[in-house]
Amino acid sequence: MKEFPTADAALEGVTDGMSIMAGGFVSAGSPTNLIRALVRRGTRGLTAIANNIGLGDELDSLAEHGQLAKMITTFAIRASGSRTTHFERQWRAGAVALELVPQGTLAERIRAGGAGIPAFWSPVGPDTVAAEGKETRLFGGRPHVLEHALTADVALIRAQRADERGNLVYRGAGRNFNVPMATAARLVIAEVEEIVPTGSLDPEHIVTPGIYVDRLVRCPAVPVRWQG
Amino acid sequence: MKEFPTADAALEGVTDGMSIMAGGFVSAGSPTNLIRALVRRGTRGLTAIANNIGLGDELDSLAEHGQLAKMITTFAIRASGSRTTHFERQWRAGAVALELVPQGTLAERIRAGGAGIPAFWSPVGPDTVAAEGKETRLFGGRPHVLEHALTADVALIRAQRADERGNLVYRGAGRNFNVPMATAARLVIAEVEEIVPTGSLDPEHIVTPGIYVDRLVRCPAVPVRWQG
Amino acid sequence: MPLTRELIAMRAARELAPGMVVNLGIGLPTLVASYAPEGVLFQAENGILGYGGVLEDDALFDPDMINAGGQPVATVPGASFFSSDASFAMIRGGHIDVAILGGLQVSVTGDLANWMVPARGGGSIGGAMDLATGARRLIVLMEHVTKTGEGRILPECTYPLTGKGCVNLIVTDLAVLEVTAAGLALREIAPDITVAEVLRATSAPLLVPAQVPLMEL
Amino acid sequence: MPLTRELIAMRAARELAPGMVVNLGIGLPTLVASYAPEGVLFQAENGILGYGGVLEDDALFDPDMINAGGQPVATVPGASFFSSDASFAMIRGGHIDVAILGGLQVSVTGDLANWMVPARGGGSIGGAMDLATGARRLIVLMEHVTKTGEGRILPECTYPLTGKGCVNLIVTDLAVLEVTAAGLALREIAPDITVAEVLRATSAPLLVPAQVPLMEL
């Protein structure tokens, strides 16, 4: 049985300086309970990989508490400066590094990390800053950028339901980055709404096979709203 | 409505010299009705892309009738020569070309074709004939092979059930190559056991979104057994 | 009067036809879902194919049923859900007919800048670069000039690019413009707007036909 | 007496422990499923995680429920199905603990040849190269010599390679051998087989300890 009693207990072994993937897209499928536990844990010097770190995003609490060394993300700094995040202030102060990645490239780099593909050629981003410092090559006459796989020490993900083997099903737009991240980290911790006996999920409906999931913790959903 | 009355009608516009992907893994999820219709159609000079062309495989009928110019596959010629396929005889006679590909590389090349990735670096096959004539490069100190995406003019696939928009669900091991092939061909023709009204498939359970499927035809499964 | 945001969205929706697969960017483009003809299938890059307009009733907010802008939406019959890697395989692989994105600047050759204001730095790329690359047709919606009156349609973008030569059509509060091989062509003007006003607001050369039709909304 | 195929499979099954994710190649390795301890999860590269031994009753044949060898199997509780691209992402990505493959030749440094007999040509790679690359541990099952008495364990493979230095353990009808940094080591011999017989049947230098234990089955 992979179940842990609390989100805090499920983070056992997560230490300073680790790279941490966090699934979720704004409010959908966000592992808010695990991120809050990581804030409580006080682990520092983290490289976080997640789609967004905006106003209202729980990840911004990691910035607030100075736990982040680097952020790899697609939504970082709002075009409007009317309200700012802790992350933005940290970044302006030079306290945290930022690697901004096109969203599809981020998803594909994570999938590649889980699929044993060290690098791939992407049509996205030539002639932009996303290609800066990267190798480019023509395929079919169009420029492409060499993108490298992303893996992490830990992935924090959220699913709707697990069985005791860790097989996961999601809900609505809750799959997003949770699915590829489950394949790309050495330690995968999933918070779920409920855990059902093995065999009660239809094998046709399982989205993440249980072999990808190391730890489970039951937590109610925390509906967080993004503010941009 | 994308439904066609017969497999033969669904092949409208399939012409000599085209590249044709055929899903299925041995008996599982094989589009046997569509392949039989292609045999009846008599289309020639085809490049076929499929996991296997062995004894008992319906694709071997295309070889029998001299319709194949080239085969891209993972199971081609049995190690034992006790029984031979039409394909083997055609190949020995120099009448058909063979590109033998590791199975995971074949699946990934097709996925890449559907995903807009022209090429990727694979750890599979260096030091083997699978790497012959291909660019290699070290990642993490290990040699990797540059593999190129595969696309086709037509994909013939089989699913268990479709809705009227072409959303597909499969059965058991029937997903195999059908799923990536549905994304990688200009014209995707799916034979299915049944077509249900749009809205009767749970959005959480759909494996192939209907935008990938151009044509549907209802056909009973034809259980073909592989013989090696 | 320049068009309201709703009217810009309404005009953009006229570019859509049943059966099309359409991705809407965050902000102004999101409004298009409410005006599109029946049978258009909207894709949200966070993993939904087949959703409708933004739900106005906040009580209906479901954290797992949101569009790419984080706004609550509902699915239509025939919808499906998938992961981000599958979603961008769909986008990058050329399976989206039309993407409608917001813009900060567009060049006469169809370059788009929409993810960063240099004075602010940092930026948020989101799915814009992937959509600019993968969608078969790219429509940009934006106000013709900035709040401080600076042109957004330029000989060259001065902001960091989202993509080069990717824009096909621009719908603004003043006009509809098409990127053609010969240059940027004025196709329609908003009601109550003159060609001269459009030219004044455009900091780049435009191809202007003898007769410029009014936008139909 | 050399071991039967069933006994080779039985010995190989002793390498497995509950919780392991294991892929079985076509042919001889398929038999291992019937002898494995409870809780081993078998992955079939055609898209099943969690299946059991081959069903003997032909009436139970279901074309969509087959292992990679095309043989009928049934799933266990907690099983899941997926596509070939997802299956090989699992394999290539290092998520398979053990692969057990058939072999034609293995070299003393762990090179494997198992997909083509040069005299026949053509060949069938299947998933062997992917498994040889991606599995964390690779066990090869084969008869120690060919039907015509030629050695299959060689200083260098003469057949086209499946992978270089990929084999960890070899289980044959005569012995168990381990590929080590120092060379190929004889670990166990089959009951009723002598070390001298193994050495005679092995066309390559072996590291032989003073005492060679008997295989436990």
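Per-chain numbering from 1; labels A, B, C and D assigned in written order.
As a convention for this text, a contact is a pair of C-beta atoms (placed from the backbone, for glycine too) under 8 Å apart; a residue touches a chain by one contact, two chains touch by 3 or more.
The model shown is predicted, which means the values in this text are computed figures rather than measured ones.
*Asks:* By the touch rule set out at the top, what is the minimum number of steps from subunit C to subunit D?
*Replies:* Between subunit C and subunit D, the shortest chain-hopping route counts 2.
*Asks:* Starting at subunit B, how many touching-chain steps does it take at least to reach subunit C?
*Replies:* Minimal hop count between subunit B and subunit C: 1.
*Asks:* Could you let me know which interface, A-D or B-D, is made of more C-beta pairs in contact?
*Replies:* Counting C-beta pairs in contact, B-D comes out ahead.
*Asks:* In terms of CA centroid distance, which chain is the most far removed from subunit A?
*Replies:* Centroid comparison gives D as the farthest chain from subunit A.
*Asks:* Quick check: how many Å separate the C-alpha centres of subunit A and subunit B?
*Replies:* From the centre of subunit A to the centre of subunit B is 34 Å.
*Asks:* Taking each chain's centre as the mean position of its Cα atoms, how many Å separate subunit A from subunit C?
*Replies:* 28
*Asks:* Between subunit A and subunit D, what distance separates the C-alpha centroids? Give it in angstrom.
*Replies:* Measuring from centre to centre gives 37 Å for this pair.
*Asks:* What are the residue numbers in subunit D that touch two or more other chains?
*Replies:* 81-82, 88-89, 91-92, 133-134
*Asks:* Which positions in subunit A touch two or more other chains at once?
*Replies:* Expected reply: 108, 111, 115-117, 122-123, 170-172, 204.
*Asks:* Which of the chains touch, listed as pairs?
*Replies:* A-B, A-C, A-D, B-C, B-D
*Asks:* Along subunit B, where are the residues that touch subunit A in the complex?
*Replies:* Subunit B reaches subunit A through residues 108, 112, 115-123, 139-140, 144, 169-172, 204-205.
*Asks:* How about subunit A: which of its residues touch subunit C in the complex?
*Replies:* 25-30, 51, 54, 74-79, 81, 88, 91-92, 98, 100-108, 110-111, 122-130, 160, 170-180, 207, 221, 223-226
*Asks:* Which residues of subunit D touch subunit A once you look at their complex with the stated criterion?
*Replies:* 21, 41, 49-50, 75, 77-82, 88-95, 133-134
*Asks:* Which residues of subunit C touch subunit A once you look at their complex with the stated criterion?
*Replies:* 44-48, 61-66, 68, 70, 75, 81-89, 91-92, 104, 116-117, 120-130, 133-134, 160-164
*Asks:* Along subunit A, where are the residues that touch subunit D in the complex?
*Replies:* Spelled out, the residues of subunit A in touch with subunit D are 111, 113-117, 163-165, 167, 183, 198-199, 201, 203-204, 206, 209-212.
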